[in-house]
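Each of the next two complexes has chain A plus one other chain: chain B in the first, chain C in the second.
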Partner chain A sequence: MSGIFAISKSGIDVFDALESPVDPNDFIIHSGYSTFKILVQGKLLNQTVSGQPTTFSVAHNLGYIPNFYSFCKFPDDKVVMNGEFSYDFTGHYPASNGYGYFVAEADSTYLYFLVYRNDGASNFNVNIKYFIFEVVL
Partner chain B sequence: MSIIARVSLPGIDALGSTDPRDFALFADSDNILIKEKARGTVSIADGYNETIAHNLGYFPHVYVWAQSPTSGRWRLVNGYTINGSWRFYVNETNLIIGNRSGATRSATYFIFYDDIP
Partner chain C sequence: MKLVIAKPSFDALTEVDPDNLQFSSEYDTLKYQTKGTITLTINQANYYYSEHIDFPDMWLYYHYAYITVDHNLGYIPFFTGYTLDNPIGYASVAPFFEGSFIGFILANIYADTTKLYFMVNFVSGQNSGNVSFDFSYRIFKNELDII
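Showing the complex of A and B:
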């Protein structure tokens, strides 16, 4: 037997929303549409950045390249996603403008986190949080 | 015995699968409740754009992943990278992905029904 599981957003009658044409944006969840499921999440704490870049890796051993999100927390409490700096959008590279740059990559075996130091910056520690989804890239 | 909640996607027997990809809700783990419309992988030559029509009539939530020009691994594409460029933008009709990474490489995209107000 097939059916529909649906939870509508606040203020929307779920039965009205299920009438054709269905607007997926009326729902918090609708069984007709896939979501991202978090398979694994983890942290790398107090990782020392001493190179240019320093690479940290985590084995996921999924056998496929997974979709994942990750966040890097720099010592100035700026938390960034892949491809972002820890500075205030005023410039880059000089150590006076912040700590560095964060890149996150995946292959079929590992996640790789590359942290670049700004020119002239001393070693520093970062925390990294990652979420691996069931979605195959 | 623990109780779990799973809601399978159309055509999938919820009791016959344990693969999270078969489910709209898989409460064994946490879920991000965005509703997927389409996904795909495209190969794009350097210096070219690929246009993927979504025809939703509004700006949808999208993600793009692409191969790094330096390592060949996969990265989330966003606005800036210091070693090789991928770009994308979305409008009310299309998702446009641009490869400026220096060689023909692949990108994988996800388009969701969820709109960006």
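Showing the complex of A and C:
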């Protein structure tokens, strides 16, 4: 059976929006387009960064490298994305300011979260949030 | 009770692989909050550090600045962003980093419970004049819940 299930955004008439050409941005959901499903989400709280780097891991056991996204909160209460320095980073040789640097990696079994501690920084705690999305296409 | 919409040729009543479903109420999704663009303009006279190098014979000036956007959600949301005019000339998913033997440019986006912060940290041979960086961002309602 074929048909369309659609909910348009506020202020947009769903029947008008379904007229060609269809703009998927007009819809909250449209059965012709796959939604970006979150398969798993989780967090690691109060993880102590004591090494250079310190690596935290989570088993996902999917058997393939997943589509993932992650965030890390440093003690300055600012959240960074994968590949970012902490908020207060300024860098110039021979010294850099800031807590450190956050990197997320994955293989077919684990997610790995590497937090690099800036030279001279004392141990500190971070909170990490991760999302694993469906494999697109 | 659940709502399932299967992809063409799959049976919504029996299919359980999320990759074969257009939608399933059993899975969370990202919910849009807002999007926007913002320009960070840096006055290169306001450098925070300088140093002279012998080869090439020049002074290097280190610049750092940020600009914010209020989201006022009261929690830290899922966010993402792009640099629109990085030195390579293309849009790029943030964070952006490029380095050479005399310097670097770093563009990061941060969040807390009230704002997004757009930061640029770079080295140039200039200590005057303005440089602008354009960002775009997407904020989702999904709470990170890592306060």
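Following the convention adopted for this analysis, the second predicted complex is superposed on the first by the 126 of 137 C-alpha atoms of A that agree within 3 Å, B and C clash if a C-alpha of one lies under 4 Å from a C-alpha of the other, contacts with A are read in each partner's own complex, and residues count from 1 in each chain.
Assume a contact is a pair of C-beta atoms (placed from the backbone, for glycine too) under 8 Å apart; a residue touches a chain by one contact, two chains touch by 3 or more.
None of these values were measured; they are calculated from a predicted model.
The superposition on chain A brings chain B into a clash with chain C. Of the two partner chains, chain B is the only one touched by A:27; chain C is not. By the document's definition of touching, of the two partners only chain C reaches A:73; chain B does not.
By the touch criterion defined above, A:15 lies against neither chain B nor chain C after alignment on the C-alpha atoms of chain A. Of the two partner chains placed around the shared chain by superposition, chain C is the only one that A:45 touches, whereas chain B remains out of contact.
Applying the stated contact rule after C-alpha superposition, one finds that A:134 touches each of chain B and chain C.
In the superposed pair of complexes, A:35 makes contact with chain B and with chain C alike.
Contacts of A:81 after superposition: both chain B and chain C are touched. In the overlay built on chain A, none of the stretches 9-17, 117-125 or 135-143 of chain C clash with chain B except 9-17. Touching of chain A by both chain B and chain C, each in its own complex, is seen for residues 5, 29, 31-39, 69, 81, 83-84, 134-135.
Those residues of chain A that touch chain B in the shared complex are 2, 5, 24-25, 27-39, 65, 67, 69, 81-84, 101, 103-107, 112, 116, 133-137. Looking at the complex, you find that chain C touches chain A at residues 5, 7, 18-19, 21-24, 27-30, 48-49, 51, 62, 64, 76, 78-80, 94-95, 97, 104, 106, 108-113, 117, 119, 121, 123, 144-147. Partner chain C is touched in their complex by these residues of chain A: 5, 29, 31-39, 41, 43, 45, 69, 71, 73, 77-81, 83-85, 87, 89-93, 127-129, 131, 134-135. Across the complex, chain B meets chain A through its residues 7-11, 19-21, 23-26, 29-37, 39, 41, 63, 65, 68, 71-82, 108, 110, 113-115.
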